[in-house]
Amino acid sequence: MAGKKNWYFADGYLPEKINNGPMEAHEALMFLNPNAEDATATVTVYFSDRDPLPTFKVAVPAKRVIAIRLDHPAETGGNAIPLLTQYALGIESTVPIVCQFGRVDTTQNANAYYVGVGWAE
Amino acid sequence: MAGKKNWYFADGYLPEKINNGPMEAHEALMFLNPNAEDATATVTVYFSDRDPLPTFKVAVPAKRVIAIRLDHPAETGGNAIPLLTQYALGIESTVPIVCQFGRVDTTQNANAYYVGVGWAE
Amino acid sequence: MAGKKNWYFADGYLPEKINNGPMEAHEALMFLNPNAEDATATVTVYFSDRDPLPTFKVAVPAKRVIAIRLDHPAETGGNAIPLLTQYALGIESTVPIVCQFGRVDTTQNANAYYVGVGWAE
Amino acid sequence: MAGKKNWYFADGYLPEKINNGPMEAHEALMFLNPNAEDATATVTVYFSDRDPLPTFKVAVPAKRVIAIRLDHPAETGGNAIPLLTQYALGIESTVPIVCQFGRVDTTQNANAYYVGVGWAE
């Protein structure tokens, strides 16, 4: 099966929701499951000065890519990730998958993208 | 031979073609074949809520880099990838290659680049 | 334990602090320790035409992510990294960790992000 | 020794030199040699429809990071890489190193960064 079961993204930082144009400022986490077996991913949110949030689970069906909004508490297990706060992500999946992290920043008059470079094992 | 036969990019999202200046909003996939043998790459496009598109093939001659536009159906096997829709890519090559994914977003008054971080095996 | 003990980022270049809006131009280095054991990271700053700076240490507690500002000498062992100068980073940790490098550039009227792609072993 | 001897960057595309503000539009390649032994890197520039350029060499002393401008023929072996043309890079080093590729685009009123994600072996 293709992919890895454990992914880490060290640099999360939710931008302020100002100057939103056609796109709203946000961060997202993408899970690609290229395999024939459904996956369940368990996500941990780390901070600098406190314990991680309670973990939450994401279903990633076979042959699908699932995106979650990290600024929507309903998609992060009901616990909000605070804005303008350093955080990091760990993902543990039951089946190998491929993850990607992205940010859209609208703080100024033009969008800026930031891509999180994951480390997998 | 240098490279890998299997590549995955988990975060595709074709931007709207608005405010295009010297560059048109698009996403592209690059295939570098640094080896002495020609390669054929088979590309799968994954979605969140439906089956993947029929796969399409890309010829990548020895010692060449080939770029395809993901917003041009003629370059994705005749099937259009819809705009503003989460998708992902899987590439399987007959010969090891090196792939890269990129986006140019012109939604606002300045270009924004997004790079897809691939995972290879 | 998850992560790697040695990380390298080849492209550091502190931007000028001009046109700062809600965000100040800077570069930062993030250290995620997803493991149960505290880590100490030793950082080396390389240049093109002179010897590296004296190394400095960063404490990365278990289950925490730590960010340091590379434009704040107090966070780089008391030695300033000069602006607009090519540099690179090496990190050696006592425990496996996951690192990420990022830049916010405010040289013109919109923020631009640059992400450093690390190499780990 | 830390690093890899072979690096590949699949997406090079020199931007037009227009609207240059404090930064000039360009692409650059960075070579970090964290080891105690000097390295010599041999660079190949690949294209879509023609043979690669003659290779050129870059000296990367021990404990140094070297940056070359890809839009300066004097730094690419005397052969110019044409603007607005897809190309790719291969690097072969005598000693393990860590490479990074970056682009500054000034096509519109704000800088945009693009980072090349390398593949190493």
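First chain written, first letter: the chains are A, B, C and D, and each begins at residue 1.
We adopt the following convention: a contact is a pair of C-beta atoms (placed from the backbone, for glycine too) under 8 Å apart; a residue touches a chain by one contact, two chains touch by 3 or more.
The shown structure was predicted, so the numbers you read here are calculated from the model rather than taken from an experiment.
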item: Relative orientation of copies chain A and chain C, as a Cα rotation angle in degrees, nearest 5; value: 90
item: Same or different residue numbers at the chain A/chain B copy interface, by half rule; value: different
item: Furthest chain, CA centroid comparison against chain C; value: B
item: Between chain D and chain B, distance of the C-alpha-averaged centres to the nearest whole Å; value: 22
item: Between chain B and chain C, centroid-to-centroid distance (C-alpha), Å; value: 30
item: Interface hub residues of chain C, defined as touching at least two other chains; value: 109-110, 112-113, 115-117
item: Complex interface listing, chain C residues touching chain A; value: 2-4, 21-23, 28, 30-32, 34, 63-67, 98-100, 102, 106, 109-113, 115-118, 120
item: Residue ranges of chain D touching chain B (in the complex, touch as defined); value: 6, 8-11, 16, 18, 44, 46-49, 51-52, 86-88, 90, 103, 105, 107-110, 112-117, 119, 121
